[in-house]
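Two complexes, one shared chain (chain A), two partners (chain B, chain C).
Here is the complex of A and B:
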């Protein structure tokens, strides 16, 4: 029997067909179509070509372009905090701590709760006068701020909740990365008289680099695309100070401005590509081989 | 001696802080769900004086003409069907993508990577769904969930296929077992552990999904569980006890999955992150 014929038959392209149909029709086609419809005034049934009008509006209207700045701030904040907090926790939970397995599960648990449920819970905890957090602060003599009502603070508050919910994923990836580092490196360093700081900065961080890079990239892209937490906690307010591109897209959709909403989508695609791909290249270059 | 003591107290402090920060909000949900409406209105982190979990659960289920029951059925159907299709489709694709290499397949791989990165376009997806008569249907939403879950799932399958030796395929081909029967009888059963991971991770994702049902399956009749939470939020803006009972009820299914499939969940997340 001719093995080559058998190969082509066994690994037939037909196996790809169902996936190609679904992924193509429900993801690739809409993505391609969005580039055209972002240039139109559109009601889903009729569309008028308007050139770059939607994009010009998006960049000139302050209630719209604030979303661009907020989205980048939000992504940098959440990704940065998840990486720093997650990594420190991972170092702590790979040491000889007795409660580490329990703590791991506890920190991981919020990733299982839906974003909406988390948002509702923290909106309540953050209540300026009655909320449990400000009550707790009052008992130690601090007058808590209006977490979600203060224009300077609101986006940061939402970002902190995002970190609370998502740091568990970063944690498990980091733990896997740290546990994969061969133990004899640490033994060698101990013989050379290295202390805990040397261990951390010269071994753990550089050798856990692949895990670090994955988390940075995943968290950053997730932050850029984020929508539901902001929507539940602030609805974009106060004013437009916590609006992200994704929440603006939803608002335009609700208002029936489909062309403008699609332009928002295209801008988000460009934003993610323009930031994530260079970041990916930069991070892969910095990776060292074991 | 002093150093050990200092180290011990530092450790104790971080452990305590972690517990307060991460368990506090969870206890809050648990306590609020057992309170009476005026008691919950105080928003304090305290034990319910006369726990009335039974009454609250009953009230939440009965609200809006048993909306939550309908929503649970909708979410269950959405989750089960989406995952079934996702597994069939992704496992087959992952098999061929790993075994063969060609120009066409490398383009396919890039298209899959794009799907992992860029956000889906909402309005044009509605346009496509409307064009083929699937807008506002459960089947349409299932297709969307499959399309959006596909890049991650196929990545897991492809990565696992590397560990399945090719000699196995060749031996099977010698015996005349090739094509569909090779895949069906030999390969797919070997992918069991990936399938378990995909089932657990996707069921949590889809059950907790809010955005896609919001856009693609609007309407109270079609509500999925996360959307009921949103409806309750305006309705019970003062009845926090019932809202938190609802939150508690929606957290039970993922919690059960976590207790039984802890290992698969973590393994899947780690594999997905490191292999991509």
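Here is the complex of A and C:
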């Protein structure tokens, strides 16, 4: 029998046109244009081609390249903590714990608050002499540090707040992943005499792998692109010590250096892709089938 | 914001903006109406016109009073410790040491709002200018830098010095501008380097060379694409008239003289404003560098915080600032960079 090919392709390709136009106009064209403008000195109305000057400046000036290092530290730190803390909480909150529904809500709650509000609240809580956190520590006889003012601590403090705010999302994905594991695996393990650690390491972790991978990837990319929390809490300071690539780009736009800022965006895209794609390949290899 | 709105042609009739180097980045000749021929311009002081003009044409009318940059000082603390208002940096240093010995924070620093960290350096410009009268031009032409001009480098050194000697409050990097003002009012610190005042310093190295670094008021410009240019011109004419200034003064007590001649200031001025007047009347003023040169590195606030917290040496910071300035100059497309 001769299969009618046109039957399989009963819709015309013209139906793709509206979507392709929108995608092309609002995504492809600006992306390609930004690659061009990153090579220019640009005033929004006029541009002068300067070759790779902007990129050279971005990598050679210490106030610009400090962001590359900070961004990677920040992304690894926040993604790592969200995964570890989120996963342990998820295991705990899928057990027979009585208050688990209440606890789930409490942990998820910070996700619902605007990042700016979180940033302002915590920069007040963190104040070394007037903030609630250090005043509490003082009650038990500890002189708390200057959380956001100490240059060694500031980035870490912001990362901790990011984890507090973001761990709820990781938790929800983990809970869904763990609950999707068929119960009979656990029954089989119990019959073979496995203990709680076996349950966790041999069943829960490998079988919740898809959920783990999504969270690792999402949290890592989110960390690389992070901006709002750092900007409200420290503004990149003290000095440049907590500047991320995104906050540096923002400052270049503020200064009216549109070409340089666009170059920063191109660098950020390359940085995210260069780290996220290999990570994605690595993680998907490690997945097992249920 | 203003730059984006101008670039996209979506600008309000009037724009209120800084004068000096920042104003030039708006490309006034292209975007704003020439106000040189307006009748009130004959009364506007020349040093304002200089910072609001391009190619000999004035594009902005003054709004607000002239500010001085210097150090506020707490008179109660000065009286209690029997200190004299210093005229030179060494007199000021001696005062700072005495205040510290009395267990009072000598200087309030509010580095959480990083712009406030620039004042020690920026207000020192009068002194730079006394020693190197051509600094602003050479600096714009890339012949002089902060790192290779001792008088300019001194600002960075002083900023680092007050940290090294333990003169600033411990929680400086978590203190905001508002908190600092409250500390100043509550007497929790003896000095606060800020805009608009004059007294305690402008600490030149010798008392005879004392002068004041001043900041020109912001300017109002009329957008060229506006449909209401005539109405806007009438508004500005009233705004700059004695009647217009009377209304401004009734709403807010002036914290400095105006940039328009023939305006009578009220008698009950703030003490800090009174301290400023002799400097202005005797002509011992220099506009801050940002008014004289189109280049001011955008990262100066952060670099000052680095200096003021001792994260890097004054020379390293001066070099870093010179690079920041170079970036700005290249982006502005200036000749010689």
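Simple rule for what comes next: the second predicted complex is superposed on the first by the 267 of 290 C-alpha atoms of A that agree within 3 Å, B and C clash if a C-alpha of one lies under 4 Å from a C-alpha of the other, contacts with A are read in each partner's own complex, and residues count from 1 in each chain.
In this text, contacts are C-beta pairs under 8 Å (C-beta built on N, C-alpha and C of every residue); 3 or more make two chains touch, one makes a residue touch a chain.
Small disclaimer: the values here were computed from a predicted structure and weren't measured.
Superposition model on chain A: chain B and chain C are shown accommodated side by side without a clash. In the superposition on chain A, no contact is made by A:137 with either chain B or chain C.
In the superposed model, A:72 makes contact with neither chain B nor chain C. Judged by the touch definition given at the top, the superposed model places A:26 against chain B, while chain C stays out of reach. Legend: residue contacts after superposition of the two complexes on their common chain; A:255 is shown touching chain C, with no touch to chain B.
Contacts of A:127 after superposition on the shared chain: both chain B and chain C are touched. Touch criterion met: A:43 reaches chain C, while chain B stays clear of it.
In the superposition on chain A, A:169 makes contact with chain B only, not with chain C. Once the two structures are superposed, chain B and chain C can be ranked by residues of chain A touched, with B on top. By the touch criterion stated above, A:238 is placed in contact with chain C alone, chain B being left untouched.
Of the two partner chains placed by superposition, only chain C is touched by A:148; chain B is not. Aligning both complexes on chain A leaves chain B and chain C separated at their closest CA atoms by 5 Å. Shared interface residues of chain A (contacting chain B in one complex, chain C in the other): 44, 127, 130.
Those residues of chain A lying in contact with chain C across their complex are 41, 43-45, 48, 53, 57, 61-63, 126-130, 146-151, 235-241, 251, 254-257, 259-260.
Within the complex, the chain B residues that touch chain A are 11, 14-15, 18-19, 21-26, 28-29, 32, 42-45, 85, 88-90, 92-93, 95-97, 99-100, 104, 108, 111-112, 115, 117-130, 132, 143-144, 146-148, 150-151, 154, 169-170, 173-174, 176, 178-179, 182-183, 204, 207-208, 210-211, 215, 226, 229-230, 233, 240, 243-244, 247, 250-251, 254-255, 257-258, 262, 266, 269-270, 273-274, 276. Residue ranges of chain C in contact with chain A, taken from their complex: 3-4, 7-8, 25, 27, 111-112, 114, 170-174, 179, 298-299, 302-303, 305-306, 309, 311, 320, 323-324, 327-328, 330-331, 333. Note for the complex: chain A touches chain B at residues 1, 3, 6-7, 9-13, 15-16, 18-20, 22-23, 25-31, 33-34, 37, 42, 44, 89, 92, 97, 99, 103, 105-110, 112-117, 120-122, 124-125, 127, 130-132, 135-136, 164, 169, 172-173, 176-177, 210-211, 214-215, 218, 221, 224-225, 227-228, 232, 246, 249, 253, 258, 261-262, 265-266, 268-269, 272-273, 276-277.
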